[in-house]
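Single-structure report; data block below.
By written order: A, B, C and D. Residues from 1 in each chain.
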């Protein structure tokens, strides 16, 4: 693994007495799709939150490209090109889908002039094409809050793409989505990875999805890194199977 | 888009409709045989007690004048009435209402509101429209250095309210063979235009006597507690404690000095009568010095009400309580106004204004003679002390019925 | 009719009506001038409270700052402090030129002062990430504290307040003069806000309102936008306050300038009544509120504040989304919220945004 | 800073300020406790808190005028406020209960104006007081005075606080209230009638305020427009102490009372209110600063 885009080294995070992450070390190579699995409460989302700067970590180091980001704030990390989506959707409910898209342009408000600028036709065009890409084009003038949960997830995904990220951290992208839509979503994730060159780092519970999607999978349990490897390796790893069956 | 437009037009239609409702009855200053005065008085808000006194004062004078045949102008007799609005005890409202009285209701003769704040709000408006305002309850001296031509006050301005107490203290010091420069004064006044002027007067007067002001607290408008200031009084032991804060300040000062057993040789306050400190606190209010513009015991007389005492009797019959000076001065304002209109022999604003400016008359409330800034310089303030449950005039000397009891007996000796 | 001609008709109609109003209702000129003040209060509050979702209870601070700055500048230009405050000092009336200079310079200084204060407060409060009810209460505390400090500060007259100079001869009628000052100010504010809401700025502050965490996670520097929005609001509110002090004529620290329980709350109510977070909502709300208040005042003598209290409760409890909000729920497609590509490239109305 | 020197020169006055501050702080704490209850259980910041207090005072005044002994009037005033609180809940509060906090703040603010103005119409704008007929104790050679009524109020406030805490801990209803505060949906599932709990909580708060107001009317003076000061103080105490912490609320109340007295003494009475409100801002900023260090937000 010569081109590591994100490297997490010995990261620990405690909440009061509870150890949510204990000396986690993992790497995400550029341009790949990496999965993160683990039973409920194993510290996956905490790790995501630590990476994107939602709370400070107690020890360890997180590097994204050439930057040490463990002490940076959410905004600054996002501006380096690392965007995350949420388990529960976070969209701007009282704005239309188009507005949700337009406001997601990268490096928003770099200068005073840009702050007050209007949106160029390119932005509108790109918003429309990305909405088209996730299949929300006909609903582009609806309030985002009026979309169904699954549609909101798609919108959130489109917004993330709009931001032209280098890496996307997806927190359970398929949770709550109609099973018939899952294949479509997976295909879009793969296309984003292949066509746009976006690295994907995905938390997923749906084993079928993650095994088909990811090239490398890390498995957490009880805040510790249990195992990692290709999907095949993980599927045969006894410790992982035990963790999921609760035999710990 | 066009939905917005419809809504907007609908709204403008509503505004127009409301406008028509508002436009409703239009008062003219003189209609038939009726002269309408306009007044914005506090019916609600923190001044509403005194606002009520003000209104009662106006109403009693109007009633009396109408009983006596109204006003004769250029050979014709007119009745009078007052159109009231509620200024909610705020200057901003008072200003708007002055505008409303003059512009919408077409009133040309304005009577003042209660309180210096609201008066300050109204004066710029009456001035702009050149409508004379005779007011009875805006005592702040700052009203009279702004060059207003149309503002007249029948009352003594507030910086003089309690200066008599400072002079009294100086006299007592001299009588005892002490140097007044050793005297110490504590001032605690509410932070509003009226009381701040009382403070200014005291500070000036203290300076002329060379006395030291050891406490100078401005009490908040939401005053509920004077413990802190009174603790300071205990610590610094001034000879004179001056408190002013409308009715609330009077009640608190009397109650809390008694509760905390604060011994000062002299306690001087305003609004004794309005707060009814005598009735509410009885013996605790003894020996308090009260500033008053007027008292029923005074010897003034006029053709409308007779003596000051007669006025008080009439007022009490009508409203069921002894008139505080706020009511008396309000009645006097009406008398002055009407007298000026009669002398002007015209309803012309300018002529009436000049007639008011030329006023020099005696009323039950005292003599009224305006200087060229519009304040009444002919009537002094009186200082009364509560002695044996009665208000007894003690200063200035021409009104004094008794000698002042000085120093106040210590609480432990009472 | 296409969108453009409708818009021209709408704005043209309002413009003509507004220009003619002082002569259509001559007796109500001052009330009409106050109507613009109310609209300005609601519009500037809505920028922060509605569009950005930061319910400020202390915007009145900027109103008061503008008012006092203007009055102090005017005083210092033409009289000494001594002369003004002392009973022996005689304040002469000003010439038109002096009056205008003082007013204009004062308003400008006031606006700058307000922006500086907003910037400092913004760095202390907004940059720290204070949100929700805590932000509301914190700003409330600021508003009241500002009033209390002004009440204790002798340089600005303490509790005695300040009296603005008598309106000079030669500037026409006072009410008309102020009517057009406020009309002009409202137009400028409205156009500025409309422009701001139509672009990136508007969308970002809307995004902050809807989900600030998301906005940050998307790399939007929310703090900058929040502080800028507050400064813009402070700027226009301060100008309003500067002129309003002269319209009212007397500046009382807690009852006129930092009048939290009246102007301070009304600005919020008006925005809510019309529909907060919309461009037209505050305007409509202000018109209805002002007129209603006038009616209460005239017909509910002594009980008008009781009625006002009940009115406030009724608005907030039964009508929290406001007129525009209600209309948007009722006719979403009229506000550009529709499915399918049936209509053309008509951009979704700025008003709906 | 002359005033500060007085305190150093004669520390006995510090004692006076301290004792007085603590005694009055107990009354603030009482009202604050009600606010914490409503806030914690119903997620509503009641801006009419001060008006409830003043209303309690006026009711006591009316009862006194009708010939009742002031101390007997305290429970009656509290009971009356309980009913009024219940009615207000049914009419207005019930409709804002699950809306955002901003809406409830404004709604209760409207109620505050309404109550203020109604009191003005019914009782007049006069300053009123109720004489409990108690005297004064002298300490330190008469330099320090302690009003007996303040001491009595202090104990009444404290006892009420303890009763309330016990009520919440021990009774079934109290447990239901606490359960609702923790998680109203869970409480609903467990068969708690949350609507009734809300109504009782709000009415109880009004009753507590009524009692506090009755005490206020005996200690100081009351006027229809004096409510805001009590609302703000309650709020500050709750912010400092946190929700659902009886002892914290009591201590914060006493501390605030003392701080206020010292501020008034040292800075002058004109800056006493400015001090309280500035303190509020500073406390909020400080709290927020601590949280922002953890990159977490107040919510």
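Basically, a residue touches a chain if its C-beta (ideal position, glycine included) is under 8 Å from a C-beta of that chain, and two chains touch if they have at least 3 such contacts.
Since the structure is predicted, the reported quantities are computational estimates derived from the model, not experimental observations.
Visitor: Find me the chain with the mean Cα position closest to the mean of all the protein Cα atoms on display.
Guide: That would be chain C.
Visitor: By mean C-alpha coordinates, which chain is most distant from subunit A?
Guide: B
Visitor: Where the CA atoms of subunit A average out and where those of subunit D average out, how many Å apart are those spots?
Guide: Centre separation, subunit A to subunit D: 48 Å.
Visitor: Can you compute the centre-to-centre distance for subunit C and subunit D, using the mean CA position of each chain? Integer Å is fine.
Guide: Subunit C and subunit D have C-alpha centres separated by 33 Å.
Visitor: With chain centres taken as the means of their Cα atoms, state the distance from subunit B to subunit D in Å.
Guide: The computed centroid separation for subunit B versus subunit D comes out at 35 Å.
Visitor: Could you pull out the residues of subunit B that touch at least 2 other chains?
Guide: Within subunit B, the residues that touch at least two other chains are 44, 191, 218, 220.
Visitor: Touching two or more other chains, which residues of subunit D qualify?
Guide: Only 117, 120-121, 228, 268, 270, 273 qualify.
Visitor: Identify all positions of subunit A at which a residue touches two or more other chains, and write them in rising order.
Guide: 74, in rising order.
Visitor: Write out the stretch or stretches of subunit C touching subunit A in their complex.
Guide: 195-196, 198-201, 203-204, 206-207, 209-211, 213-222, 224-225, 228, 277, 332, 336-341, 348, 353
Visitor: Which stretch or stretches of subunit C touch subunit B in the complex?
Guide: The contact residues of subunit C facing subunit B are 1, 3, 6-7, 9-10, 13-14, 17, 25-31, 34, 85-93, 148, 151-152, 158-161, 163-164, 166-167, 174-175, 248-250, 252, 254-256, 259, 262, 280, 284, 287-288, 291-292, 294-295, 297-298, 301-302, 304-305, 323-324, 327, 331, 334-335, 349, 351.
Visitor: In the complex formed with subunit C, which residues of subunit D make contact?
Guide: Going through subunit D, the ones touching subunit C are 45, 92, 95-96, 99, 101-103, 105-107, 109-118, 120-121, 228, 232, 235, 239, 268, 270-271, 273-274, 277-278, 280-281, 284-285, 287-289, 291-292, 297-299.
Visitor: Okay, in this complex, where on subunit B does subunit C touch?
Guide: 1-5, 7-9, 11-12, 14-15, 18-19, 21-24, 26, 43-44, 84-86, 88, 90-92, 95-96, 99-100, 103-104, 117, 120-121, 123-125, 127-128, 140-142, 144-148, 157, 159, 190-193, 195-197, 200, 218, 220-221
Visitor: Would you pull the subunit D residues touching subunit B in the complex into a rising list?
Guide: Of all residues in subunit D, those touching subunit B are 3, 6, 10, 13, 16-17, 20, 24, 117, 120-121, 124-127, 129, 136, 138, 142-143, 145, 147, 216, 220-221, 223, 225-226, 228-229, 261, 264-265, 268-270, 272-273.
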